[in-house]
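Letters A, B, C, D and E name the chains as they come in the text, with residue numbers starting at 1 for each one.
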Amino acid sequence: MMTTINAFLAAKGIYLLTLILLSLGAAGIIVCNNYMKKLICMNVMQVAVIFFFLCFGQKTGGTIPVALSEVVKASEYINPLPHGLMLTAIVVSLGTTGVGLSLLFRITEKYGTIEEDDLIRRENKTKTGEKE
Amino acid sequence: MTFITAIEYRPLLAVMVSLIASGLIYVLGEHIRPNAREAITLIASALKIIIVYSMIPYVLEGTEIHLELFSIVKGVSFAFNVDPAGMVFACVASTLWILTSVYSIGYMRGHGEQNQTGYYAAFAMCLSAATGICFAANLITFFIFYEVLTVATYPLVAHYRDKEGTISGRKYLAYTLISGQIFFAAIVIVYAVSGTMEFTPGGFLTEEMLPMPWALIVFFMMVGAGMVKAGVMPLHSWLPAAMVAPTPVSALLHAVAVVKAGAFCTLRVVLYVFGPTLAKSCHGADILAWMAVFTILVSSLIALKKTNLKARLAFSTVGQLSYIVLGICILTPFSTAGALYHIVAHAFMKITLFMAAGAIFVTTHKKDIREMLGLGKRMPVTMACFTLASFGIAGFPFFAGFVSKANIIFGAVAMGKPFFVATLIVSALLALAYLMPVVLIAFKKEVENPDFAARGEASLCMLVPLVITAIISIILGIAPNIGLHLFDFSIMAGNSIFTPLM
Amino acid sequence: MTLILEAILLLGLIGITVAIIFGKDLMTSVVIYCAFSFITMFLYIVMGAPDVAFTEAVIGVISTVFFIIILRSVNRKTK
Amino acid sequence: MKENIPVLIILLPLCSALLCLLLTGLHKRLGRALVVLATAGSLVLSVIQLRTVITEGTIHYAVGGYEPPFGIELVIDSLNALIIVMISIIGFLTVLFAENFGDDRPVVKGSANAILALLITGLLGMTSTGDMFNLYVFLEITSLSAYCLIAMGGSKGVVSAYRYMLVGTIAATFYLLGIGILYSATGTLNMGDLSAILNKGGYDDVMLVSMSFLIAAFGIKMALFPFHGWQPSAYTHAEPGTRPLITGVMGKIPALAMFRYFYCIYGTDYIYVKYLLILLGVFSVFGMLYGSLMAMGQSDIRKILAYSSVAQIGYISLGFAIGTPVALAGSFLHMIGHAFMKGGLFFCTGAIRFKYGTVNIDDFGRIYKKMPLTCGLLVVAALSMIGIPPTAGFFSKWYLALGAAGRHEWIYIAVLVISSLLNAVYFFKVIEKVFIQQDKGLDDKWSKGELELPLTIILPVVVCFIAILGIGIFNVKLFDILMLTLEGVGL
Amino acid sequence: MTIIMLIVVITVPFIAFDVLPAIGDPESPPNSHVSDYYIEHAIDECNSPNMVTAVIVDYRAFDTMFETTVMFLAGISVVLIMANKPRRRIPSPGDFKRTRNTGGTPIYQTINKDVMISTIEPLILIYAMYVLFHGEVSLGGGFQAGALIGMTYLLDVMAVKRDKPIMNLTKFMSAAIAGLGPFIYALTGIICFIGGGLYLQYNKLPFNIHEAELHSIGITAVEIGVTIGVAGTIITILNALRERISFDDDND
């Protein structure tokens, strides 16, 4: 029983869950009406793709990639490459979040709302008096 | 210095002269006096005449003047090639440019027109493009100049910047750009199937390259561009609409460059790309000939009904241009020579008519034929020239029109097409029917029109070119070969195409 | 065994995401998102990526603070 | 030093951006001067690099001295080198041009220049890198700076930037997903190595799945038809000084990256290639028609140009969909030509806005009398967009059509023709307004000096004018350079 | 509905095609092709037992440089976006005002300043230094250290009244400093040119010591750059946000 579950998870299960998380994030960006939520969903999506990378970096029986002795065997350590890549990805996501939040603030300041439908209504109202 | 003296560079020089003039006029035009600006035009046109004429002896000898500059697209160079057919058109265009320029100066000043700088610049650009069309050695070079001509004519058509001008400008663009783009697609197909684009007398396409339905489609895709510019029905309607432009522009459109470029395009496509054999076997030439016949008859009938003088002349042009197309499509050496010579003949005759119409408009502000009663009293010289040119259009013997029409008729007879012969004769009568009333009204003796009591011709600038063209059109009728050997060129072109097939 | 733990944590994350999407109060969403970060960090450790987890821990805090700063000027309620 | 040119080209704008704020703090104009110098230096180096590549062949630069696939590698072939020159030129011109716009506080000026330089860095990096993940990092640099520059264009710009950011992040995530799949199947991140492994065979499914994500990702970034939603408003409201770079170049580089994946990495041997090509072809065809049709209905010149970009990107991806070397060369010629056309048109728009403060074409009546130079460029660029010879646009269209004819894709030729006619409709509308409509009598906001505009605006305008005609007339030279790379690529 | 559709669209390809390796398989391509090289050579080539550090600041140092640049870019983006002078708001709904006065005790009053400033902050800073300088042997590295320093600043701002933190940096200054970090990084790479190396080739640094030591020096220099960049950026973003929004409610 346990081994079947394990095998299923290893082959498909974890990937499936990660991808569902990713699609939830993407869907959140599309269906949410609130810009703040869209931003949070964007973060969720990025986290999901980080999981995706880390998933196939795992190694059964491997330890964390800090060398314990001078002589190392590759099979003893978890693959460090996805970790390196994902560190970069996390940093990028923080940067994007920061920019997104400041944009969000400007939107609130100008339109007084961060709901998409309200915003579109107000945008249309001010079409004529636009100042670039 | 070899650049100036070497014979190969002459076609390039001929193109560049007016191109540089155009640039100079556009850049300097607003900053220098009008006299200086027009001097540029005149100097350039004189230079162009010299350059073009200087090539005549070489072409007569049969020397190939061939210039390959650089590859314009991969595998095809930007090349000029001076052959008799191109020479005919080039001579006409360059000769008429200087006359039109002189006339324009008189007309524009007499009329106090706006935007003269743009006008002269665009005019020079058109001539550049027309010369390029004459001397282009391959389809892509040809197409480049063809499109430049399209774009450069647009500001001329929309010259008055008013609603009417805008609309006719749009109409012009719609017709020419659409046909131009289709032409482009056809060139691509031709290049893809044949791997060459050099104009060859007798054509380079064969039936193996383009099987039957494709051949006909591509034929009309290519000829369509020529048909639009040459105003073959049903693609003619931009031409009468373009009448809103000033008269020198009409002269340019109808006589010097634009519609002739269309006719020339048809010539190149039918005889130099497809060749008589393929054009015949795919039935393209036949269909086109019948369309030309239809155009000749219908446009003459329409012209009968028009009371605006310029509109009447415009429909006359539509009909006359179809003579050229018909001559090409009969596919005999005689008719081809006749068609080419008709480019010359029609140019001189029609430009006389237009210049006369313009002179009348500038001096008396009359456009409608019915108001011209007794005009002959006031402007006898103008009206005399008008009369001469009318005879020419109708194809009277000893006028330029006769020579070309006779040749086309010979060709039609040789091919055994009695209906074409009949058409040509009927249309000559119709031409008389729509042009003679103008003459008759103008010279009607019994009526005294108070408007035209005093004698008063247009300014000399306008009158002189008018008289010159009228005289030339008679001279060309009596001695077709005089001076420039244009008739010889036409015959040479016809022979070069058909001799290999004999 | 780790895989099952991962699966459970991932399911938790999915639940949180659904809660964020359908929540009515932005403050709640942001606070839940903080929890999301925390679970994520835990998950990274389970996956054997302590460096990433460390980073996520720090970033989780910082981005939550950013969110809350912005939230003060935004209407908390949402449809 | 010569071997370090590829990395120096990227480093110069980067370092100038990093130091820009500090120097702006010391003196107001110092930071900007540095950015101008750095972009100029990068331009010079890129030309040198192009010459080197043509004579000596592809450059491989292993950053850090680690041989690929272990380290990051920069690969400069003739195609890249050419595109890098293009980016450097437009980047340099835009840096000059941007001087005239935006407010004058040192914080704003300094950061804006820094961000512009970073955008150039990102674009250069995306072009030259040979590593999948490195491409992602550069993609993010490009996108983040673009978000910011778009957001600077006023309150509508902020909203457009926010929407672009959400969509752009989806694209970046999809890109990560795509390369994640590739990495998981092959274990490498280096493009050359990846290509070698994939072409051993047996990776058809991997290629299909990853390519669908990559098409979506790059499609969003380059505003390919069904993914173009963010583009019109973003291009419209971007900061006016930097718009030429954003509109002219930013959409092209993802297209180049897509080409890399499609042809250089995946090759054309796997079984799904023809479906993907058809998919791409459908996208391009609809994009060309849709973009042109939408542009016809607009009266704001920025919107017209933005929608026309949707159509023009269609031309580029059409070349990819045809896939023969000639068509690909046509695509890249169009990429280079269009950068100058669209950049040039936005230089014109910016100049008119600078002088008269309007972007509505109904106000453009007869401005050709007051700004002959700008209007000259406007006309030439518009003709080039339509594809009238001898401008650049005609020749790229020629190669595209030739490629299509070579593969008997007649429908693509028909669409090319229709699309150029639609282009003609709205560009002649603009030309008509400029030349024919009555003068609105707007007041001139800049009437100092003899010239019609400040020198920093005139220079870009003149360069674009020359470039459009030059690329047109001497297209065979570019074609030959492109063919050095494209010869064996494609169908 | 959209949610379900998206889930289906994204997940189906993975179920339909068997493209991903099994998790935890040591022989799978991602775990064997390139990464084995990193694991086996990290110590002797880079002198860095922490393989992740070796990967990010040595093998793939170019990536990390631009990652730091992204942080800097985010910082100045926020500055730039927030630098626009507030314009008239188009609508004036009451809700905007209402939400600002959410009430409650200001944060700085709930925190024991003495403990905060004299105990916690120094501890965090020391830990940050540890993380920074021992990034190559243990967990962490420049990025984490920078983030920790940024957090210290954050705590400091929270603890004392606004406008009076210990290091009172303007957003302009902090952004300029944030730019210095990546610049140090880039400069480290450029110095390698002098020794005749390629960009970021640490063993060609122009110092006359053992190669492995050179790698340590290079890594440390780079980590310092990353730290400065990240710390500067976080401070910049905080400052920029703070300038426009009342961080505490002390103006009431």
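One rule holds for everything that comes next: a residue touches a chain if its C-beta (ideal position, glycine included) is under 8 Å from a C-beta of that chain, and two chains touch if they have at least 3 such contacts.
Treat the numbers as computed from the prediction; the structure is a model and nothing was measured.
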{"item": "Chains touching both chain A and chain B", "value": "D"}
{"item": "Chain nearest the overall C-alpha centroid of the shown protein atoms", "value": "D"}
{"item": "Chain located farthest away, centre of chain B as origin (C-alpha)", "value": "C"}
{"item": "Centroid distance [mean C-alpha coordinates] between chain C and chain A, Å", "value": "10"}
{"item": "Centre distance in Å when chain C and chain E are each reduced to the mean of their C-alpha atoms", "value": "19"}
{"item": "Distance between the centres, which are taken as Cα means, of chain E and chain B, whole angstrom", "value": "73"}
{"item": "Interchain centroid distance [CA atoms averaged], chain D/chain E, Å", "value": "30"}
{"item": "Touching two or more other chains - residues of chain C", "value": "3, 21, 50-51, 55, 59, 62, 66, 69-70, 73-75"}
{"item": "Per-residue overlap in chain B, given as positions that touch at least 2 other chains", "value": "none"}
{"item": "For chain A, residues that touch 2 or more chains besides their own", "value": "9-10, 14, 20, 22, 24-28, 31, 55-59, 62, 65, 81-83, 85, 87-88, 91-92, 94-96, 98-99, 101, 103-106, 108-111, 113"}
{"item": "Every chain pair in contact, whichever chains are involved", "value": "A-C, A-D, A-E, B-D, C-E, D-E"}
{"item": "Chain A - residues contacting chain C, complex", "value": "5-6, 9-10, 13-14, 17-18, 20-21, 24-25, 27-28, 31-34, 36-37, 40-41, 43-44, 47, 50-51, 54-55, 57-59, 62-65, 78, 82-83, 86-87, 90-91, 94, 97-98, 101, 104-105, 108-109, 113-115"}
{"item": "Partner chain A, residues of chain C touching it in the complex", "value": "1-4, 6-7, 10-11, 13-14, 17-18, 20-21, 23, 26, 29-30, 33, 36, 40, 43-44, 47-52, 55-56, 59, 62-63, 66-67, 69-71, 73-75, 78-79"}
{"item": "Touch list for chain E against partner chain A, complex", "value": "2-3, 6-7, 9-11, 14-15, 20-26, 28, 30-32, 34-36, 38-40, 42-43, 49-52, 54-56, 59-60, 63-64, 67-68, 70-71, 73-75, 77-78, 81-82, 84, 86-87, 89-93, 95-96, 137-139, 143, 230, 233, 237, 240-241, 244-245"}
{"item": "Residues of chain E touching chain D in the complex", "value": "13-14, 17-21, 28-35, 37-38, 58-63, 66-67, 69-70, 72-74, 76-77, 79-81, 83-84, 87, 171-173, 175-176, 179-180, 182-183, 186, 189-190, 193, 197-204"}
{"item": "Complex interface listing, chain C residues touching chain E", "value": "3, 21, 50-51, 54-55, 58-59, 61-62, 65-66, 69-70, 72-76"}
